[in-house]
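Both complexes shown next keep chain A, but they swap its partner, so chain B is in the first and chain C is in the second.
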Partner chain A sequence: MPKVIIDGEEYAFEGRPSLLQFCLDQGIELPHFCYHPSMSVPANCRQCLVDVGAPVRDRETGEFQLDENGEKVIRYFPKLQTSCSHVISDGQVVHTARSSEKVERAQRDTMEFLLINHPLDCPICDQAGHCPLQIQAYKYGPEGSRFEFRKVHKPKKVKLGPNVVLDAERCINCTRCVRFTDEISRSGQLTIIERGVKNYPITPPGVSFDEPYSMNVIDLCPVGALTSADFRFQARIWEMASAPSITTTNAKGSNCYLWVRDNLVMRMTPRPNPDVNEFWLPDEDRLTYRWFNENRPCGPAALNKSGACSWDEAIQETAEILKNTGKETLFLASARATVEDNWMLMQLAEAVGRQVAGYIPHIEPGHGDGWLRTDDRAPNSQGCARLGLQPIDVKLWSARLEAGEVQGLYVLEDDPVAAGLCSAQALDNVQVILHYYNTTNQTLPSANVALPAATVAETIGTFVNEAGRAQRVVPAKAIKGVNRTLMMQMGVSRADQHGTPFDRWHNESHYVDCKPSWEIIPLVARNLGVEIAAQSPKKVMQHISASIPAFTGATYKAMGLSGVTLSPIETEVAS
Partner chain B sequence: MTKAGDWQSYRRVLLPPVKDLHHLDVYRAQGGYEALRTVLNDWKPEEVTAEVKRSGLRGRGGAGFPTGLKWSFMPPVKPDVPRYLCCNADESEPGTFKDRQLMEYNPHLLFEGILIAGYAMSLKACYLYVRGEFSSWITLLQNELSKVYDAKLAGSNILGTDYSMDIIMHKGAGAYICGEETSLMESLEGKRAYPRIKPPFPAQSGIWGYPTTINNVETLACAPIIIDRGGDWFAGVGAKKHPGPVLYGISGHVNRPGVYEYPTGMLITDLLEIAGGMRDNKKLKALVPGGASVPVLRADMIDGVTMDVESLHEAGSMMGTAGMLFLDEDTDMVAFLRRVARFYHHESCGQCTPCREGTGWMENLITRIDDGEGNLRDLDLLLDLCDQMEGRTVCALADAAAWPVRNTIKRFRGDFERRCRPSAWAVNT
Partner chain C sequence: MADFIRNPVVALPDSNPEAHFSEEELVFTPEEKAKIVDYVAQYPTPDGAVMWVLWLAQEKFGFLPPEVMRLVATELSLPYAQVYGVATFYTQFFKEKKGTFVLDVCTCFSCQFCGGYDTLAYLEEKLGVKRGHTTPCGRYTLQEAECLGACGSAPMMQVSNGPYAYNLTPEKIDALLAAMEAGKPLPFVSVTLPQDEDEMGGNRRTDAEAVEHYVVPPQAKRTQ
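Coming up: the complex of A and B.
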């Protein structure tokens, strides 16, 4: 296998990797800004310079030339090479800043240049704390500055589009944002204008940066030049803990991080997963984060208790209703709930001698774009299908509901009224039990028992995306009640990316009084005298993966944080 | 080497003294387009390239790369893969103004050269990228080009042969950087003129990603002469390692500035004489021999130096574009350098960090010195900045910005030190 020597150590490589990517893959740090693995390589920041040489071969014999010590003679390129654009070949010798003063100096020099016109905004900059420029300036930059002139002034606070705000003075002209709109999203909505040191990215005249993926440039930007219109100045990076999760706005299951401070989700950013969303997230996914904080319920309620009640009362009341109308109850699973929650519901329905009728399809034709948005606006239709659940016949059930043929309705984490399954009036004489996330749920006023359910940001569970990839979520924020499983998971689920794995802020009012459905349902079943065997989501999934062929291999261990792709199934999924 | 006096007998070939030569009929009456006819009828493409190699012609665009060798870098012809020639007429370096003279007075020599080069590399289209500000020359070229098409000298079945080739004119985007070969291609493709990283070189991936050769106007204009008079004749003109006729663009404090055609390898002192000597009988102080980016020479460094790569290299400068700027004894070298630095600051495309930031910083420092507010340490900082920029960027503009700064300071340090504030501590010896 071909080999390359980096800082005196030999590494084998395959194919034709770029030197920078190869070093990063080996855990060898090289400072860089403009390079991004998914885009073209302009080599314009000049930060990743290294010294590269190759052994000299004798022209006639083709043998390597040796010096008096028997070592191969190395001829170095006359200029330092940008490692991002350099393709390694066999036998090459590379010196990074660790073994070459020349390289160290060059990297320091470039950094000095990068900083001369960069404003000293760090104390008020959103990027501070996870800023490649800041971090690498400390590591590779000069001490102090020799620049004694007025910095170049450029437009600040430019609203490029609805979601992205530019501070042109902070821009280091890496062109990542422009390349994203040219090569990845292909909207072509950004370009660099002006020339030389006045350069900055902007939209063409009359164009708004309103493409559905615009916010990705915020993550791509190696400095704080591009900020989120929504998040800017809201939190310092080191105040937030981040938890790996997935987005639930559609059936793609894009991987994301949820950033939490004071038990509020502050923002959502993409979590790279080459098999799902690569490095990207659609704007519509990100902007749903408020949904975890706003209009959240404060505890359960029961109609016959004329409003708020305790969890015990709510669960007793639920069991009571099921005892009376169970056999005539329409059980609706949910493509928004986890596999585990849906499985629980199936057990409960069985306990009262019914079967789950199916789930409400959330199809919005034309919404999908063949990339990270899908027509299916729910995250788990596949998961339901694999449990053997079908999308319900909306017309049929809507007619029955409107005709008053249904006596009970048990809704798992969904909203039949908003989904158009029935009108609120049609539910006047129906016993409705509702697991819900937000008080904006339009079925809520009709509920006999309203059970606040934990959202994807608070629960543990599995979603299966449209491509059959099973992905696990972990809690990003805490709920009010005591749930040992969640609490144990919370202890390990948050990544210490930029500051803290803990949430040091504790405002009691930000703890939502809800419970995961996988906790609620077994309590209801117990009240009916039925014990559901597997109770923690992990155990449920173990059981499911062992007993349902469509879930073979879908254990928590196998899923890890990036999921596993399950074998295809032949079941009808809502379409 | 051409001795003083010889130059009087030199007969011009690039810009011969013929009235109205820019008219197609006048040009043809002088035997124009006959070299093209000969080549199309009797030569194989590779023979043309071989002849150009034999002539020893080096590019006149600044880098002085051997032209025949450059042509031979084109990959073998593949039927479905287009390939292009590109003529660089973006001339915009300060002190360089010879291409526009050719375009004005002998445009057909250029067209003929383009067609011959196209035939040599078996390609079907040449983009002629003319500096956008040259609007009157663009109109002139366009008029003449349409006559060339009417006379069946370009387009399909040129001169009745089965060779076809188009010449497409393109108006430049108005920046010095558009003259850099790869950024010219970007600009031609309708993009922002950001130079590309090399490799891949244009012969592998040029315009629209297809094999491309790019040459300067004057370089291509040499082709008909080489065919007409033979590579050996060409190789015998001027300096051995850098032969041929060349257009010297002489400017500065001389009596008769202008474009002069002479062989390469002329003594600088002869060229000064040709240009009528220094204005007002002033003494020569400095010479920039090849356009603003090459290192400046002090008057005492030019004795016996001739205008060709070898001799200029020995003297500590470069041939560049042969745009010679003579500066007299009254010249303020700080002000001179300030103006040069301003140019590169203004023209850096801003892609690479060292060039984008360095050119501006340099101008700031030199301005401060020129304004009498500089410090001695600023001179060392300027030299540091040269080190920090040179050889570390995508294109050569950063080098071109650093060289004059480095050499003007090194070669005229006294002029700079006198303008700086004295250092806080007197230096005792």
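Coming up: the complex of A and C.
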């Protein structure tokens, strides 16, 4: 196997890797800005310079030339090489800044040039704290600036499009954003204009940077030049905690991080997963985080208890209604709820002698683009299908509901009125039990018992994306009540790590009084005198993966944080 | 450039400028289209021909407002942004309307030493406009240029991306302006380097004849 010597240590490699990617894979840090593994290599930031050489062979004998100490003579390239564009070959000797003063000097000087016209506005810059330029300037940069002249001033707060704001002064012209629009999203909306000290990326006149993936350039930008119009100046990076999650805007199940401060979700950023979304996230996914924070319920309510009531009362009331009208109740699963919640609902329906009718399809034809957006606007249709649930016939059930043929309706985390299943009037004489996320839910006014359910940001559970990849989520924000299962899975938030409820910034109202449906449903079942065997979502998934062939292998352990692809199923998901 | 050092501010281009040309005007004739096809055929990918086509468009329309760049982009099936980026890179592509004659006076290092700014000031006075502006009659645009690569014949200027005028003196400038005014070919003498004059009969180039009139620099022959 060919070998390369980096900083005196020998590494074996395969194929023709680029030196920079190989070093990063081996955990050898090399500073860089313009290189991105999924895009072309322009080598224009010049920050990843290394000294590369090869042992000299005698032309006639083919033997390595040795110096007086008996060591191989190394002939170096006359100039330092950009490691991103350098393909390693066998026997090469590489010196990074750790073993070569020349490289260290070159990187420091390159950094000095990059920083000449860079404004020193880190204290107000959104990127500060996770800024590659800031980090690398500390590690590899000069101690100060020798530039005594006026810095070039370029346009600031330019709205490139609805979601992206440009601060041209901060730009170091790495062209990552331009390459993204040229090579990845292929909208071709950005370009670098002018030249020399005057250049910066922008859209041409009359063009708005409005492509559906525009916000990815914000993550790509190695400085604070491209910022989110939505998140700009909202929070500092060190005030937030991030939790790995998945997006629920569509059936792609793109991996993301939810960034939480004081128990409010502040933003969503992509979480690299080569099997699902690579490094990217569509704008529609990122901009939907507000429903985790806004219009959230302040506790359960029951019509008979004249509004707000305790959880115990609400659950007793639910059980009461199911006892009376259970046999005539229409149970609706949800493609927005987790596999565990849907399975729980199936157990509950069985307990009162019914079957779950299916789930409300949320198909929006023409919305998908064959990439990270899908026609299906719900995250878990595939998960429902694998549980044996089918999309309900909306026309049929709509007619039955309008005709008053249904006595009760049990809705799991969905909104039949908004989905067009029935009008609010049609539910006047129906006993409606509703698990809901937001007070904007249009079925809520008709509900006899309203049970606030934990959103994807607050629960534990499994979603199966359209390609059959089972992915689990962990809670990013805490709920009001105490749930040990949730708390054990919770990442550390700032409140947990640095603060107490007595901090000035602490706001109790950011804790929503809701419960995950997998906690509510077993309580209801217990009130009906039935025990659902598996109680925690982990155990539920263990049970499901063992008993339902469509879920074979979908245990929490196997899913980890990047999910597991399940074997394909026969049934067609929602057409 | 001197102004930029004193006041280094880069302006934001107008994001929604008014169109200068109507839809009917924004077309290439069949002959021009045939030329474009020829240009594209010279390169492995169509984006290689972008400068040729921009040049063609500038000769046709006089300058390159956004709608013309868009036309070029459509013609070559390139992203409009890419064409815009190329056009803004080169100062020789005019992004706004210029005079009939564009006078690029070099004020870079060698010309500066030999009186580039004097030349510029003389022209400013003579034409009655400041650098970077066009005369009200629309005939002359006076510009400061960075090095045009004729340091041996400083101070110099270039007229409308074409002929160079070397070793400028007030008299030479007067003669140039008179020729422009009269619509005659510009007085032009190809220059020599002092050390070669005797050996090469006053011609510093060994590959071309000394000429009295400006000729278009030789262009690479197309391979077909």
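Observations, loosely collected:
To be clear about the criterion, the second predicted complex is superposed on the first by the 554 of 575 C-alpha atoms of A that agree within 3 Å, B and C clash if a C-alpha of one lies under 4 Å from a C-alpha of the other, contacts with A are read in each partner's own complex, and residues count from 1 in each chain.
One rule holds in what follows: contacts are C-beta pairs under 8 Å (C-beta built on N, C-alpha and C of every residue); 3 or more make two chains touch, one makes a residue touch a chain.
Just so it is clear, the structure is predicted and the values come from calculations on it, not from any experiment.
For the composite obtained by overlaying on chain A, chain B and chain C cannot both be accommodated without a clash. When both complexes are overlaid on chain A, the residue A:Val197 reaches chain B and chain C alike. Once the two complexes are overlaid on the shared chain, A:Val152 sits against chain B and chain C alike.
Looking at the shared chain after the overlay, A:Tyr359 reaches neither chain B nor chain C. Contacts of A:Asp109 after superposition on the shared chain: chain B is touched, whereas chain C is not.
In the superposition on chain A, A:Gly188 makes contact with chain C only, while chain B stays out of contact range. Residue contacts after overlaying the shared chain place A:Ala168 against chain C, while chain B stays out of touching range. Of the two partner chains placed around the shared chain by superposition, chain C is the only one that A:Gly206 touches, whereas chain B remains out of contact. Clashing C-alpha atoms with chain C after superposition occur in a single stretch of chain B, namely 257-265 (options considered: 23-31, 41-49 or 257-265). Shared contact residues on chain A (touching chain B in one structure, chain C in the other): 149, 152, 191-192, 194-195, 197-198. Of all residues in chain B, only 175, 177, 192, 194, 197, 345-354, 356-361, 364, 368, 381, 387-388, 391-394 touch chain A in the complex they form. The part of chain A that touches chain C in the complex is made up of residues 149-155, 158, 168, 178, 181-182, 188-195, 197-198, 200, 202-207. Of all residues in chain C, only 5, 8-17, 66, 69, 78-85, 88-89 touch chain A in the complex they form. Residue ranges of chain A in contact with chain B, taken from their complex: 41-47, 49, 78-80, 82, 85, 106, 109-110, 112-114, 116-117, 146-147, 149, 152, 172-173, 175, 191-192, 194-199.
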